[in-house]
Structures are given as C-alpha cells and as structure tokens.
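Note that the chains take the letters A, B, C, D and E in the order they are written out, and that residue 1 is the start of every chain.
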C-alpha cells in the first residue's frame, strides 16, 4: 500500500466507554505507531465515562465506532438499534466481584448465599443468572456509583470490578483484594468494537482497514505495553504508569485466545448464541433474533479459530 | 382640532360586590360634554366605585355607564382619551418625579423633548420643581399625591376623572392645585368628574354637584353662580358653600339646625 | 393607675436626607405632658419627618428629640407606650377590620375577649360596624384610614402621634372622628401630636398649634380658647380659626390682604 | 357543585395541552420512524406502563415517600433557616453565601458520602431529596421576608413586638406568596433528588424508580425509562399540586396574584 | 475609596463563616481519623488543588463556559416564557403545568438521550445546564409578574398601553426582585446541570470538571473529587455573585429589600 498523504486520510471517530486505560491499549498502540494512517485512516479516539451511552451513539450514527459490551449489542438490536459487533477485545469476561483478602467468603457461590452488601450496577445481566443458580435472597444489593471509596474503607463490602482495574487500584492503595470472576456463569465478549449497520454497508473497506490496524495494534501493545503506556497515562493522569503496567500484564490472558495472537478480536457464532440464550432466559430481551447479523467478521483469518 | 367631546351618563347603576356589599343603588345622573361635576358624600358612600365604572375598571351589576358623543352615538370607552387621578398616588417606585409625570405621554408615544417640556410645566404648577429628580420614596405624602395629579393633567384628556386629588394637602396648596385643575379643564375642555371632600372646592370648580349618601343620590345641584362671578370671599360664594354643606350634612345623617 | 406621662421635646432638630434634601432646620418646641399640639404647614414642610423622629423611626441629623418624665428624667423611647397613626393606613391585607384594629392589643398580650370588646367600641366610634368582617381590599380609601385611626386609639397610649388621620374623609365624618380623638385623648391623658391640614380641626382639638414652613417653625401659638368655650359655630372659635389660617397662609407664602 | 364545575373548567386547558403534546409527539415518532430506543412513542410508553405497572407503581410509592419526606424536611429547614437568615443581618452576610455554595455541590458526586454517613436505603434518598430541595425554599423565604413592606415593619417595631411575634404575624404571612413559589420549585427538585439518591442507595426486592430507571437504561429500554420518568413526574406533580393548592388557599383572599388573575380572566 | 472599604467590610462575615467551617472540618477530620477516601481534610484538598491546578483550572473554564451559556439561555427563556405565561391566562393554565412536568424529569436519566440528540461536548452540557436552570427562572418570573400591584396595572390599562409596553415599563421592572431570586437559584443549578451533562457528553482533549469528578471517583481520589467540587462551587458562586450584583444595582434604590436591610443593619 502506498503511504497516502494526510489530506486523503479518512477521518473516523472511536468512542471509548471509559477513560484511556490498558483495556484500550491496542487502539493507542495502533495510533502511536501510525498503523491507522498506514491504512488511510485518521482516527480520533474519544474518551468516555460511565454515563456515555456508547451503544446508542453508534446505533444512531453519531459515531462510526464505539466500544461496547457484548450484551449491549444484543439488547440494543432487540430494541431496533442498528448496531453490529466487529472486534471482541476481551475473549474472557473481565468482570468479577472483588472482596477484601481476609473476607472469609471463598467462592462466588458462597458469596451469593451470604448476606453481604454488594455494590453493582442495577441491571447487570448476570445477576439474574446468579440468582437463578444460587438464590441470593440475603444479599443486600446497592448501586455501584463508580466510586471505590466504600470498598476501601468497608472490610466486608463486596463490589463488582474489572479484574484489570479496581483490584489493581485497591492494591496500590494498600488494600489487598481477591476476585471471583463471573466468567463461568456469564461470558459475553467485552470491550467490543461496534459500528453502525448502515455505516458498515457503505464503508466496508474502511471498517475492514480499521479492524485490521486495531488487531495489529493489539499484537504490538501486548508485546511491549511499557512502550505505549506513557502516552495513555498522559491522556489519563488519574491512573499511574505502575497501575497501567500491572493491568496490561493481567489482561493478556483475557485477550489472547487459546489459539494464539492470530485470533485476537475473533468472535464465534456459538458464543453469541449462548449469550443470546442467556439474555432471553433472564427476560432481558424478548425473543431470539437473527444472530448472523449481530456481528461481522472483518478479518476472515480469525473467523474460523475455535 | 375638532374633537367630539362626550357626555358621561350613569343610567340606573347598581353595584353589589361579591361579598354581598351593596355599594351603589340605582344611581342616575349625567355629566354634560365639557362639564365639570363634583361628587361629594360621606366616606364609603360609593364615589370611587362610580368613578371606577366611568374609567371602565369596574362594571355595574345592573344599569349602565355610557359615553355619548355629540352626535348621540355611544362611544366605546376604549376610544376615549381618558385621564384618571386615583385616590392613592400609584407612582412607579423606580421612576423619579419627572419620569412618573411623563409616563402617560410616553405611553401615548409623544417625543422625548415634548414630553419633558410638558412635564416640566405641570410639575411647576404642582410646586414640585425642586423635587423633580427624587424617587417616590423620597417624597412626602402630599407631594406624592401632587405628582399623581400632575401626571393626570399632563395629557390633554377628553375625559378627566379625579378622585380626591387634593385631600392630602393643606388649604393653600389646595387652592393652587384647584387653579391648575381649572386651567387644564378649561384648556382641554374635558368632561370632568371630581370627587372631593371639600365643599368649597366643589363649589369653586364645578357646574354641577352630586351629593351622595350610602350608595344613592341624595341631591343633584346645579351651581347657580356663573364662573366669572366666583370669588372665594364673596358672599354669594359663601352662601352656595353653606347650602351644599347642609345638603352634605343631611346626606351624612347629621341633624342640621 | 399611676402613670408618669412624659413631655415631648424637640431641641434644635435638623434633618438632612442622604440625597442632600434638608427636611428640617433647627426646629425646637415641646409638647407638655398630657398636652395636645397640632402641627400644620404646607405639603412637604417636614411634619411627617418630625413625627417619625418622635416615634423613633428616624433620627435627627443634629439636635435631639426627647421624652422627659415629670421627674425631669429623660425616658428611653422604647419604654414609652406609644401609638402612631401613619399618613398611609398600613393595614395587614390578610386581616379583616376587627383583627387589624385589635392588632396592638394582640401584640400587647391582651386577652382575646378584652381585645374584641375594646376593638368593637372603637370600630363603632369610627362608623365601621357594618364593615367589621371585611378585608382591607374591600374598603373605600376613607374607610381604610378610619380603620388605621381606630387601631391607633384602641390602646391607652401615653403618647399619641397622629399624621393626618382624617384627611381622607368628608367634613362630617371628620367631626365624628375628632370627637373620638378627643374622647380617647381625654380618657388616656396622652401627650399628643396631631398633624392636620384642617385649621378648624387644629383649633378644635389642640391647646398649642405649631405652624411650619419649609423645614422651620413659622409660629407657635397657644390656643387661647378654654376647652369648654369651644363651639364650632361660636364667633370666638371662628375668629381663632381665621387667625391661624392667616398664619398658615403666610407660612405657605400666600400674600394675605 | 359550583366548585366541582369550576375545577373541571380549570382542568380543560392543562389536559388539552398535555394531550396536544402527546399527540404531536406520537405523530412525530411515527412520521420520522425514529427507533424506539432513541425516542419511544407515547403509545409505546403507555403500553410499557401497563405491562410493568406492578413494578412501576411499587417503585413510585417508594420514591414518593422519599421525595415527600425530603421535601417536608427541606421546607421546614428552608423556611425556618431562611427566616433566621433574613432576620439577622450577620447571618445573611455569613450563612447565605455558605448555603449558596452548598447548593452548588453536585449531589451525584457526594452521594457516595451520603451513603457512608446515612447507610443504604431510604435515609439516603430522603437526604438527597432534602439537600437539593432546600435551597430554593431558603432563597425564596429570604427574598420574601426581606421584601416585606417597611411600613408594616415599622408598625410592629412601634408596638414593641418581639422578633418572634413579628415573624409569626407579619413576615411569615406576608412572604407566603414568595415561599410558595420556592416550594413549587422545590417540589420538582425533591423528586429528582430522591431519584439521584436512589441511584446510590440500596435496592432490594422492590426497586424504587431511580433503580428502575438505571436498570432500564442499562438494558436500553428507553420506553421503560420514559415510563418511570412519567411516574416520577406524577409524583412531583402531586407535590407541586398540593403546594399550589395550599398557597391558593392561604393567599387567594388578599394577594395581588389572585386579583391580577381575576382581572385577566374577565 | 469608600466603596472599597465597604466591600471589604461586607466580605468579613462570609469569609469568616467559610474559614470557620473549614477549620471545624479540618479538626473533625484530624480528630476522628476518618479515612481520606471518605472525607479528605480541607488541607489535603487544598494540596490536591495546587498539585492538579492545571487540570482543574482547565476543567473549570470549560465547565464555566457551559454553565454560563446554559444559564443565559435559561434566563432568557425563563424570563420571556414566564412573562408570556403570566400575561396570557390560557398559557398559564396550559403551559405552566407542562413546564412543571418537564422540571420533574430527572436530567440524569435523560442526559444520555441529550447526547444522542445534540451530539458531543459543549452543546449537550449547555443544554443540560439550561434544562435544569430554566424552571426556577420561569416560576419566579410568573410569580413576580402575577403579583404586580393591581393599581399600577390599572394605570397602564387606562392609558391603553399595549401588552408589550406594559411588560417593558411595568411588569418587568416590578418583578425584577422576584426574578433575581429565581436567577440566584438557577445559577447553582446551571453548574450542576453542566456537570451532569458533562458526565454523558464524551469529551476531547481537556476534560471539564464533570469528567474530572467521574474519573476521580472511579479512582477513589476523594480529594480530587472535592477539589473539583470546590472549583465547581467557585464557578457557581461567580454566577451567583454576578446575578446578585446585577439585582442590587437594579433595585437597591427603590425596593423594600434594600430599605429593610438598611434598617436592620443600623
């Protein structure tokens, strides 16, 4: 490919669903190393926050690309949103529950049968699944406001977390935590790059180029996160470089599939199907839909991987 | 300027307030075009209520209040060039004396220069020249009423309705103000209704005096004195005042010797 | 009840308002304990300003206003049992006539029964019996002032300050009200200051008349007529009125023949 | 009978306006074909309300409780505190600015602290409602009491009325119209405060509207979000209506506002 | 010179009050040994403010811009809309209830929709600020204009003044004291609205205070949350101060509020 001049670059925006962190490391690596430019793209990465409605923004065409979670793709599609998943950063669900290290509770099941106070976003789909499985009548659920302060000062408090984020933060604040992943009961793709159906139809080449460059970015990032983290810290000074380096190490096993680096970002019909089934079972979405259209594999080399 | 000065007719006017208070009871009289009628009567007898009806601010429960042009047509009240001096001063607290007085001209779209010239004149006549720039809160009670009167007289009204404009001032200031009222009335030729507590003021200014009592008309009296024969010290004037005073006394229910 | 009725002394009082207006200029006079002094003068000459100082609502720029007890001690104003009738009625719009009149008794902690009995009496004297239950908005201008006067007279004050209490009513209602003022004054023996525009009212009620002009005292006149010799039709009375009228005319700057 | 008739006549205009708005909205949604997750049609919202009525009504009752208690607390504190601030110049110069600053603290940011201080559940929601509702009442009370006719103040001063008496018999009645306006503003804010408080306080079996909204947002159920909002508006509107009625009852006989509205409706 | 002196004298009380509060807070934190995650001491907050001053000031400027523009929009809409509603009985009966209902829509719940409708950044924050600030202005304007002395209204009626003239020369000036109170309430709400708007409006290079708060909360940096809140209070207080000054300038010469405060400060 000839290196195109600046003016000919296609400008696109990627809306993050959180502030710049290692969970978006691949995109920043691709940006820093000029992989997007090499594909003819001028990418603007927009910071986000807990309240930024990324899925709706992409479905309504306000932005061409955004980071969303797998269940958001299906729920929004069930309500008529034109959203399509392109690239699944996390192959394994990084969501979990974080407890103080010396909390006697030793498993997710024990947690769910305890009478702990537990902070989590209302409407998390796995709650219904866990309730079904373990009861959970004694749990006291309270909303997670995004603030970790409660956890830090309350020894028997439990909260939801991103395995790569909150436990690291807690540790850096001298609070040791243990984490129970929810992967075993609920395992949607997470940090999924999604686009708009119409946009995909009309700009297929751009989409494919974007996904291609992103995947390469991830390969580079995971190989040497220390090279890219300073730039991310510059965009998000509230997280230390140390924390980012730790997080980058932790996330590697969640991102790289068993098949190896070639499968980064891959998505399979089976995984989407079982997610859909869980959502229907827990009445989050009404009926099953045509899953084929919910995701688009721009990178055929990854599609067939297990 | 050819103007069709109206006469003002009260025809069997009654007014019962929502609480049931009967303020007016079958009142009929008329003020001829260009005439000046004084209305006198004990406190609470319905004078202000009558005036408010003429101004279109209240409506008769039964009966009617009409302006009738010289061609015999009934005018709509809104078409009249009306000027009212209320019993309370009703000044805008954020405007100084000059701007309060000029308000009606301002509302009529008169140019700034003409406004200030005309305001200056009536302010002088009301003895307020030295207080021109003061706000209402900086005036005495009598001064406030004088501002209100000056504001009423600053336009050239066809109909002039005055509700005790001089009750808050002393005898001599009152005589000066009477002079100003007469001057404006004569210049404008307005059909005028004047409510007053001063019988001598009524006799001095009016060509007809309506004496009221408890919502009804007690007496209607033409003032016999020709205008040029009025002199506040003449015996004819004093006699007339005496006569009206007796009538008012009877209206007020006082036994007169 | 032994009361130490104070006299009221104005000593070289001057008052310059913040705008620079000079309302009073070196005014001195005193109202003897239990005396009734009338203050008359042209509109804006400073009468209300004087009264407000006596009431403690305004302060002299220079000079002083003092209550002096019969033992010669200066009383603090706050200790006086003072009653003021302002030039405007100042009624509470949410209270009916009876409750407005009873307000000072209420504030003094008088029992409900006594309150209504005493309010009833002054309301009757003010000719307002039929309007007892009305709100201020349902009263005529003169009726409102009568309510205010009734409220002033309902207590048994040691000091009574009246600012044109009768200017909004007709001659005959005024005579009735004068009667009530005199009755209360005589019963309570209050040291009284009465601002009025009616010379005959001043002569009728006062034992001393202060004629003011533009912030200064023009004349202080003892009313020579003994109280039992006053009769509104007697020639002695009319002569006294005539004399004071002339003085007022000069104060007002009118040339007198 | 008369007043029932009058009530119906008074309701015609607002009901018409709301109906008009709903019809316009329905037509706009139908014409533009905008998807339901962006802007559901009123009809869809109504259907959702019907389908989820149990959950919504249960939530509304909880939210109404928090909002009402918070509103009452805010009213009492606002009226009493405002009166004190209005009466004492030193407080006016010191506490009023402080109260202003407190008003500007975004509740969403300190809500986690509220939880820590007050625990999860109702108390936090009540406190949140009270915190946002108190300032309008305070400001309106101060404004109303500082604007009382100085002539009437002098009257009370003269009769040696104590501050307390003057407040009870003059300042408070005279400032009721202003206070009612403050309460009207506060009524709406109390509901919003309660909902924000619920965002951070607990949710057990029966979720209050704040939690219903959060859950629905997460599930992209904009129709349910709107249905919950509609119910929260009903809660707020009831508070607002109660305050308005109270205000009308207290002042209609003497205050200019009723004279002016009579004059105009002629 | 005089007025500079006077200004300083006026500032003594509020500055004392704030200083007193800060000292009490500092002592309370030090005595209780409460964790900095829960409640940082004022001193710690001050240090954070100093250390993060670039970021905070940059954020405050953006938030101030959104809040100020939103506030101005709300003021214009509130005053004009309120005037129309006050002037036309039909609107009062139909639109006022509607506006009330809109006030009760929790912004936090519809903010995500605002982003989708208005796009990113400033416009959404401005809209959010305007939405929450408009109702107090509207309500206060209506209240003020409906309470204008009926006697003065009659005067204008008699001189055949058009509605527009009457509004300009009577209703508006007479209701300025009430409107200023509404604006005071709105000033604080506008800042909060802007911050909530910023929570949802994705952002570019320089993060406004709303984002700083969100991020800091996530990182459990309570000190930074408070520092950002303090700056947002400064923004709000500047707006509040500007409104108060304007109000004082417009009415101090004639309105009862200034008479009463003079009387009391004697």
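Points worth noting:
FYI, a residue touches a chain if its C-beta (ideal position, glycine included) is under 8 Å from a C-beta of that chain, and two chains touch if they have at least 3 such contacts.
For clarity, every value in this text was computed on a predicted model and none was experimentally measured.
Using the contact threshold fixed earlier, the set of chains in contact with both subunit A and subunit D is E. By C-beta contact pairs, the most connected chain pair is D-E. Chain geometry summary: the mean Cα position of subunit B and that of subunit C are 28 Å apart. For the pair subunit B and subunit E, the distance between mean C-alpha positions equals 49 Å.
Chain centres here are Cα averages; for subunit A and subunit E they lie 38 Å apart. Averaged C-alpha coordinates put the centre of subunit A at 84 Å from the centre of subunit B. Taken residue by residue, subunit D touches two or more other chains at 38, 112, 116, 149, 199, 217, 222, 255, 259, whereas all remaining positions touch fewer. In subunit B, the residues that reach two or more other chains under the touch definition are 88.
For subunit A, the set of residues that touch two or more other chains comprises 53, 56, 60, 145, 147, 149, 153.
Going by the touch rule set out above, the chain pairs that meet are A-D, A-E, B-C, B-E, C-D, D-E. Against subunit E, in their complex, subunit B makes its touches with residues 55-57, 78, 82-84, 86, 88, 90, 92-94, 103-104, 106-108, 135-137. Those residues of subunit E that touch subunit B in the complex are listed here as 149, 151-152, 154-161, 165, 169-170, 173-174, 251, 253-255, 259. Contact residues of subunit A toward subunit D in the complex are 53, 55-56, 59-60, 72, 75-76, 78-82, 117, 121-124, 140-143, 145, 147, 149-150, 153, 284.
Of all the residues in subunit D, the ones that touch subunit E in their complex are 10, 12-14, 16-18, 21, 38-39, 87, 89-90, 92-98, 100-101, 103-110, 112-113, 116, 135-136, 139-140, 143, 146-150, 153, 177-178, 180-182, 184-185, 188-189, 191-192, 195-196, 199, 210, 213, 217, 222, 225, 228-229, 232-233, 235-237, 240, 255-257, 259-261, 263-265. Residue ranges of subunit D in contact with subunit A, taken from their complex: 35-38, 111-112, 115-116, 120, 198-204, 207, 211, 214-222.
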